[in-house]
Structures are given as structure tokens and as C-alpha cells.
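Note that the chains are named A, B, C and D in the order they appear, and that numbering of residues resets to 1 at the start of each chain.
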């Protein structure tokens, strides 16, 4: 009933406050016998880590992951039992936040937590801090390894498509973006010219104490047909939940998305075609999902993130004693969350896909090997 | 693990295929002792019913709901036990679909179901048919009554904001749209001039065997602060799942949504203000939700629906035996799903809100009475 | 969160009150493509049906099951979608219960329901009536067919081992009891001499307006090794929940059970032995489960059922207005629930085993084919 | 779907292997604002700790609990967010177990884990070790504090009632046993003479390399009427699951339990009585639960634990390569698990009761204040 667990078959529970002793996750339901590469988990955490460039918060966290359970001592293989992963919080300067103790920061979760619980860890946002996503990224990195081993060609590829007014959408060949291209610049925009412009825009906003938002694009390659559960746990429904559960995410669209209404049905439909005994669709406005079930084409999402709520200019606000006050925010923050959102978005996508895979395997058996395999119906 | 149940505390399981004996739902977790108005449930089903106007499918279904359990025989009050509601399917012309038995209709779920289950109820889409939403609307109507009784001012107000190129967004005073205005025309667009244009557009598309999509707008009034569960079951995350679980929905945005990136943080933030001892925000770009928790302002969503996949023109497609074929669709269909989507969207919103209320009450106690109540923290 | 659903992967939700319109269940998560034999489901309901002999309640219910969804119209195969099964209530003589409307019957659930919900369906016990188990038996019969098809040799064999002082334990060869032997007499005790004595005892108690309890024994044959989920959802833990969720059940023991303490560890341990390349244990005091996981030996339970709380003699009791009263029960009842409990116990066992199977398949893959298969570890 | 989480509203996930880095739990759903006493949690862990007397395993573990999250830094109050508690494993002598690496110890979970997962942490039983219960005891101690604060008079009182042939049942006044009496001796049997005999019996068994089992009795005082969820999550059903999920537990009975069948219905029924405006029952053969719902009387259970499977004599067994072998167990073990089972049993009971409380509060509101409060129905 509480909301800190994601997934039904591959269940991930995250815990931890921004300025508490640690953050982390427990993964329950991991398939056994898998040679988990903890270094690869650490590498994904490094992509999420604060302090990795001038574009992100300077909070200095090594984010060293420790596995407390679930792995064989000798082989490092998964045991099938819960995998607990923790990351200690190190660089906590809560004094930075002392003035905010009783103030509800604009567009932050402070008021909501007080209204909900009557108490909140006010330092750095507590549980509502993006620091909570450490546990998600760690669990998603575990999932990614399992998926890649099971489904050849599986990949979750996210990137920054737009920041504020700089939109690289048309310049990017979405189907062929690689992680190396994405990580080539601290912006995580794979189009070099746009990346340069985005870096300048973020630094300019930072200099003004302001912040920027934008779009993250996500493509999932190699998802086999048949994943997603009718009717409430459709693949797109679960991805939508997963993405809107991320801090600052304000919208999600699949395939044609918000522009679906621009077309008529005859224009919009994706027609099925057998090519050399392999099933495909002539277009992919559906974004790889029809009726909530994957059809083997690339799963295609776009996510909107608002500009960071923390800005370093005075703002009108209210405190928890009934006073309207002026808030002068201090502390460290990301002038733009987009670059660090990329690995988090990938992590959530991995968690959705692995959960759908294991649920499918439970009810039906192993999913169809992939688009274009032999037709299931004889 | 399977996906036919929605909610944790107010759990709704739907069942039924388009051309099976019946569709319906079981509601588990309904608060006891509530004088349920079954006629009001029936009224919501009438708003969803096919055959209600020229704009929607002519399939003639009375959609008479029958309560099998969970209600006191004498008083009609809820017993706290599961409420099973069923609606018999009546007007089934499955012969209309015979030619489709082995063909994967473009942008429909047929292929996905075959890939997933190896079997599908091909008539009328079976489980993937929008007919499944009968159970959602019935359950949502139960939830609506409970919410309205508990939270004065609670209302879920959805309407058609746009169809194809006819966009009424700027002409509508979103905060004051009433259900009467929405239901004044079969389009369910509350702006009369737009409604006229939309009706013409839908009929023109219908005449051409084509179909149209558009936007539904949803405002939730009277949601108390503090609803939504960190971190995965945020109010917006659950609403996103709920909406993307609807047939033909391709995108969802909250508050500023897709346009959030157009602003900088200083421009985008919603500032808290005490007015006469009541908390409010000076703007509502957050859409009533911050950090996944309601803040007492109107919850504000926009949903994109694609044009109906069923069109009555020949289309290229593929069958389940490996052949590329031409499909000539017959049967009845909605040339535009938007008008009938309105009560379904409201139903899903009600299910999310009631679930969040009961979860909040379980962990914490009754939620804050509403925006502007006495400050919880003394 | 509410408690009317059982299982994680093969999820069964039951609904219905004793004197409402219908009782039934929804099964979510059933593997697709299975040729369900509805007549076999009906046959199990007939074993549970009231009015089948002089030993049970004369309430006359045909208990004709109707499938509302989830089955292919042409082939009757399961679609993988929810299977809703309902049974109409027919012979309702609620007038029999009018005097009880405000009285808390001794050892019945009346007071508890009032304390819990503030309202109750008082006629015939409402939701707490054993009539609720119709949905369990229907769902369990579906599960049984799937299990028997998947695991050769799978069988759930329950019988009446004892009624009051008549104990057939030592006279029965537990490993070889067949359903035909069990159903040979209305007592469902497979030992003929004991069955005769039990029948006489039940009829004598009935004549006195009294009631009797006893033991049901259950053996599960053909359960593959590896089922059951550490650490809370152990196979024995789930079976214990399943059995204690039955009306009138007061105790459950596994293998040596209550007499485990009579032995020392050296006496009690079951030693593993390879015989002709097949794994077995030299004894089965564990009851086929060790550490919560099946080991391939017969799963062995014993259940105690109290004497029926409804007796037809005056009893002291209390009403819901604060008065101590004398209650003269009328109505129909079972003077001994044991014979009808047999198919219900089997149903619950089937539901546990199928859920564990599908959960195992989801996380790990298909379970080990059975005791004595080739060793998994090379 | 995996089985390492207990509870719906107060959800506890445990993790950790016997010889891994740590064991612990995450509690999700804890009511916020509660002044948690971590020292009291530590005190319960001390009652479970190995090495506390000659009667239990000499493994030397300090079992110092660390809270990683969920508590307010200043006040120590619960935040309503997940509480992660960990205990490092210290005294691991895995070399003791090296000879067992490939042997299936009799009546242990080794074979089951291999059959299930194809891999197992063989040192000390890994996940199947009773060391896993550290997380349960920690979580149960949190629950106990919340329950005691909410329900005056709430107490979970467990004790050792019998070990092998020494049965103190008739000598103990079950309704008035105190924790001080229980903890007066290392046996945790509150009857001094029996305690002396039990201590001698355990030491004698230990000297012979043998082990003993017995009964634990549990009374829950102060449980308000109305807890427990029809129909599968009855209070007794959940308690049965909770107890059978404990290592070595083989049976559970409620109230009259296994002896229920000795009486007829007229003898067995508990009659309701108003005494001075307070509801009570004249007897408590129901064990405080009727129809799965608490009635306000003491909840009364008895649990059978088998003798410890680890014995220090040679035993016949089988290895994972197909050989029948002789096993000479070494290592440290409890010659009798009963004394240390007492706090574990109490912990599980607390987890069940708090979960039922919060579920009740979610659906209905705060439960009836207790037996004998003003009648709910006017």
C-alpha cells in the first residue's frame, strides 16, 4: 500500500533521505544464477552522480555502492534472494538549508509532505530529493544486465533532446543513437552543435541563479513482442507511471503522442508487413506498443522535465506558521536536471521491461524471441 | 501480477471480452455503510454507452448494470465486502468480424495479443476492446459518490478540448466547466461553437470511413492536500498510469506539461501564499501536484487520444499465417473516441483519488480537510 | 489491501453474500490456451453443494456455474484474460433468520462484522457464510486441471480422517487414498467402517440439534521440488493461510506437526537418499516441505475443524442493543462441516500450488520436473 | 510476487544471508510522527541474539542495529518514509561449513534451494538461516511500540510452554504471564520448576549432539474488535502464515485448536455476554477470533517447533552429485530453538496486528476502541 516499491515480479523498494545516513534499494525477485557485474552498476551510478560536470550540482558524492545481500560470496552470482544495495550519503551540508526549515519552497514538495505526514525531513528535500533515485539507478543497472543477457539487441537509449529553446529533435537520428554519443558531452545531447548550445544555455542560467527544463527522448530496442499486461498494467501505462514518478517530470508521450491528433486514422495507422518471414510495421506511430502490448518495434517515448524548482534568486513564499515570507535559496542544485535524468530514465525503463518479462514468463512462458521470429500461430 | 486490477486500497478488477457473455468489475475495499446510488452508476454508464448519438458507434447496448454482491438487501448500503457489478453484452454481431479472424488490424492490439498469449478473442477486439471500460466506469461512479460525500467540492470534470484541428482550449474557462456544459452536445466539448465544428468534422470523417483524434482535458476539484504516495505511486504517476491504460491514449501532461520547458525556473515556479489563513499558490503550473503529492489546487491534466484505429477503407495488413493481405474493415466503430472517453477519464481519475485517500487514511489518518484549512503544524 | 483476493500470480477474487444475488470469483492470471473443462468445474461444485446427503444442510442449491469471460467462444480455451465465474443464489429463506437480525450468534462472525464494518448482511451470515467458498471451489477446480496437465501425477487428495471421537487415522493408508474411495460415502471418510460410525454420529448429533467437528487430512502428490517462496511465502506458510482462511478451521499441522516435539532431532530428521538416480527422503516427517520449499515428497497436512457453531438448541447470547438474550436458532445448517470441507480444502491447496508454480516460473523458469529427475547441478 | 515482503499496509521486506555482509529490513508504511525508541528495538534484538546463554548457539553476534533512513535527524520521529534497519554479520566462521558445501543436510532447506534456484548460499544455510529473522524482530519491535501507544493494554506475550516431554501448560496461568516472568530464565518458560527441567533437558541433548523441539504459546492482549480481513486475510489466516513462515515451525492452533473436535457444538460455542455495558464472551475457545475477525478477547495461539535439524552426530545424507554420503555436522547451532523463538513469534504477531489495524483504518476508519466500549450500533 505505501508507494516505495515498484514492480510486481522484479520488485524494487527504495529507501533513504537526502541527508540521512544512506540511500539504497532492495531488489526482490531477481532471477538466480546471474553473474552480476557490480562494476557496471557502479558505472551507471557514476552517470547519475552529482559533481560530474559544471552543469550539475557540485555536491560531492562518491556514491560507492555496497551490496549487503543476495550475491554468492564466491562467484558473485545472484542467489534469487533479495539484493540490498546501499550508498552512504557523504557530503551533507545541512546548514545550507537552515533558513528553509519552516518555509515551503515554491514548486517543491515541502508543503505536500507536511500536509501528508505532518513532519518532513526538510534538509535538501528529504525523501523528495532526487537523491532517492540512487536506488532506482542501481536497481535499473541490475535489470539492464539481465535484459541484455536474455534479449540480444536489448538496449535502453535515452538522451537530452531539448533544453529550453534548443531543440535537437530533427537533427538526431533517433533509431541509431548510442550511449557513447550521449555521454560524449556533459549535456548528454548526442547532437554536437546542440550540445554546445545547451551547455552555454545552462551555464548562463546558472550564472543568473535561474534554471532550465527540456525533453528527454527514450528508445527501447530489442523488446520482444508480447510484453505488457492488459488492461491496467499496459506497457505504456507502466512506463508512464515510471516516468511521472521521477522528480520534475511533467509529461510523457508515446510514438506520435501529443501530435497523434494532427492525423486522421488513415494517416496514423501502422500497417503490419511480413518481410522475409519477419513481422514488422511500415511505420511506428504507435511507438512500439499497441493495446498496451509491445509489438517488437522500438518503444519510443518523450518526456518533459520542468526547470529545476530551486533557483538562487529571492522568491515570494510562505512558511509553516501562516506567514508570507521572502525566500532566498542557498545550497547546491542542478541548474538543469536533464543531463542527470538520462541514466535515471533508462533505469526506470529497464525496471518496467524486466518486470513485464518476468510476469509474461510466469503466466505464459518465455516471450516470443523477437520481432520476426517464426510465427507463433501455426 | 496479472494486470486486470487497479488500486491498492480501493481495488477494482475488471473482466470481460467484447463479445463474451458479460463485462463487469469487482470492487474490493469499498468503505462500508455508504448509501450507494445505483441509478447514478447507471447514469454514468449511459454517458459511456454506445449508440447515444450519431457521433459514436451504433452498437446498441442498454448496458444495464446488475449488482451481484456487496450491498445490503434492505438499505442498499455498502457492506464493506466486494461489490460485483456486471453488464451483459447484448448486440453482438460477430459475423461482422469474420474476415478479420486471422488478420492483424493496423494499430490494433491483435498482433500483440497473439504474440503474448498465442490465442485471442478476435471478435471486436476481445479484451482489448473499449467495451472493457464498462467495468471502469461503473467502479469510478461508485468512487465518485464516496468522494463527493467525503470531500465537499470534489468533482472530476473532463471534456473534449480539441478534435483534430479544432482546438477550443483558449475559448474555455477551464476552472469553471460544468458537467451540464460538457453534456450539452454529443461532442462533449463545452464551447458551443467548437462543438458545432467538431460535430461536423467527425461526421465528415465518418462519411469518408476515416477517424479523428484529439485532446481531453481533466480538472479535479476539491482534492485535499496530502494525497499521493512517495515515491513510485505519486499522484501524477498513478494518474499517468490510469490514463495511459485507456485505449487510444498516447500522451498525458500535468499542469504546464509539454510546455514546461518553454519557461525558466523563475518563470515557472508556483509561489505559496497565505490568503486569509488559507494556503494557496499564486499560479498552478504544477497542476495541483508537487513532488507527487496534491497541494490542494486543482489537479490539471491533458490527454491525447489517437484517431480510432478502425477505419472503413481498405488497408494493407498481414495475417497470422505469414501473408501480406488487404484488409477491408467492416463492423461498427466510433469515428472519434473522444466524446465517450470523457466519462471513462473521469472514472479513472476517481479511482486514483479514492485509492490515494484510503491509503492516506490507513497510514496517517484522515487527510487535511482541504486547501486553506487550519495549518497542520502548530 | 482488502482481503478478498488470494494468490499473486494466479489471483482469485471471490465475491458474494449468502443471501445476495450471486456468489462467484474472478481468476486473473490463468495461463492461456488451456482447454478448460467446465463440466469438471461443475463436478467439483457438486461435491461442495448443499443438499447432497442427509449429513449436510438441506438448503437446495443447484450451484450451476456460468462463465462470464476469459474463455474462447469457439474452443473453450482460456484466453489469458480474467475468468469470471458466477453461481446464482436460489434457495434463500431469509425469513428463517429474522429473529437473529440483531443477535450475535455464539462463535459466529456476527459481532466481528458489526465491530469491523458497523453493518452486516445478517441473513445466513452474509459474507462470512461458507457459501462464499463456492468461488474458491470453482477457481480451485480450474487450477486443478492446469496442474494435472502440467505435472503428471499431481493430485490433491483430502478426506475426513476423524469426526468427534471416531478416528480413522491408523486405519487409512494415507499415501494411496483415491477420490473414489473418499466419495464412496457421504461422510468422505475412505475407511468404510469408520464412515459408517461417522454417519451414525453425525445423524445422532443432528437429531439432538447438536454438531460435530473433526480432522481433514490432505496429501498433495506430484508437487515438484522447488515450489514455495522464501521467506514469508513459504509453501507451508501459504497453505497455512489458505486453510485457516476456511470457516471453522482451528489448526493446521504439517508432517509430524504437533507431535514433532515428541522426537529428538536425531529421531526426527529426514535423510536424503539417491535411489536409482532419483532423490528421495527415507522418511517424510517434514511433510514434503523443508525451509518452506517443496522437496518432491508428498505434502502432508492435517486440519482441525470445530463443530458447527449453529446448533438448534437455545443458547445464551447478546444482541446489538446491549441486552443479554436467549437465542433459539432456526434455519438450515450442517451438523458437521467435514464432508463438504473436503473439496474446499482441495481447492485451496490447488490455488496455493498453482500460484507457487507460476511464481517460480516467473523468477526462475519451469520447475524441476519432479522428484528424481536428473540432478540440476552438474 | 517474490516472498520476502510481509504485510500490505505496514510492509516489511527482509534481506540478508547468514554469512553475507548484513541482514536487515525495510519497513514501508510506518505511520509518521512517532517517537521511535531505537534502544527498545535493540533490546528486542538482544532477546533474539545468539550467544545469550548456554542454551543457544555460541555464535557471537552483537547484532547492533543501524537505522539508515526514515527517521527525523533531530527528533528521531518516524517520517512516514521507509525505515531501513541493518545489522552487520560479524562472527562468520564459514570454514566450519566447508564439508557441507555439496551435501544436502537432512531436514534442512539445502536441497530445496538448489531445486528452486540452482544455486544456494551454502554457508550456514544462507537465506534459510534463522539469522534472517533479525529483520523480522527489528520490524516487529517498531510495530510493538506503535501498537502499545495506540491501544492501551496491547501486549504480545509469548513463552516456551513445552520442550520435548516437559510440558508446563497446566502449570501456567496463561492470561497473566508477563515478559519479566518469561525472561527470568534462559529457557523463556515462565514456570520455574519446568524451566529448571527444560534447561537440564536441553543441556543433556546438547551434550549428546542431539536437539529438542516443543511448543510456544502466544497470547495477544488488547487487540480491538474488528481486526482481520475477510475472507482470505482473516486474522487467524495471517497469523498462521506468519508463524508457519518461521524456521522449524510445524503446526499452529487457535483457541481450542486441535482439541476442538473433542467437543460438540453445544459444548464448544462461546456465548456473548454484556457485562456492565461491556461485551465479552463467557469462554474463549475461539481464541479471540471468529469468522477471521478479532472479537476483543485475548488472541490465543500455540505453535509447535520441531527439534533443530542440525545435530552433531553422523547422519546418512546425499550430495549434489548423486552420491549417498555420511554427513558429520560441525559448526554452531541451537540444541533447541524454542527460547530464541519467543521474541520472533512476538515480532510476527506484532506485524500481523499492525497491518490489520492500518488496513482497517484505511477502509473503515479507526477501529473500535476495545472490548466493552460503547456499542457501535445505536
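As a working rule, a residue touches a chain if its C-beta (ideal position, glycine included) is under 8 Å from a C-beta of that chain, and two chains touch if they have at least 3 such contacts.
None of the values given here were measured: they were computed from a predicted structure.
Compared on C-beta pairs in contact, B-D and A-D come out with A-D as the pair having more. Both copies, subunit B and subunit C, contribute mostly matching positions to the interface they share, with over half of the numbers common to the two.
Between the CA-based centres of subunit B and subunit D the separation comes to 45 Å, rounded to the whole angstrom. One simple way to say how far apart two chains are is to compare their mean CA positions; for subunit A and subunit D this gives 39 Å.
Multi-chain contact residues of subunit C (touching two or more other chains): 1-2, 4-5, 8-9, 14, 29, 32, 80-81, 116-118, 127, 230, 358-359, 362-364. Considering their complex, residues 1-6, 8-9, 14, 104, 106-109, 111-118, 125, 127-128, 132, 162-165, 205, 209-215, 224-234, 236-245, 247, 250-274, 277, 279, 281-282, 285-287, 289-296, 304-311, 313, 315-318, 320-324, 359-360, 362-364, 367-368, 375-377 of subunit C touch subunit D.
The touching residues of subunit D, when paired with subunit A in their complex, are 1-2, 4-5, 8-9, 11, 13-17, 19-24, 26, 28-29, 32-33, 66-73, 77-84, 86, 94, 116-121, 123, 126-127, 358-359, 362.
Here subunit A touches subunit C in the complex through residues 1, 8-9, 29-32, 80-81, 230, 358-359, 361-366, going by the rule given at the top.
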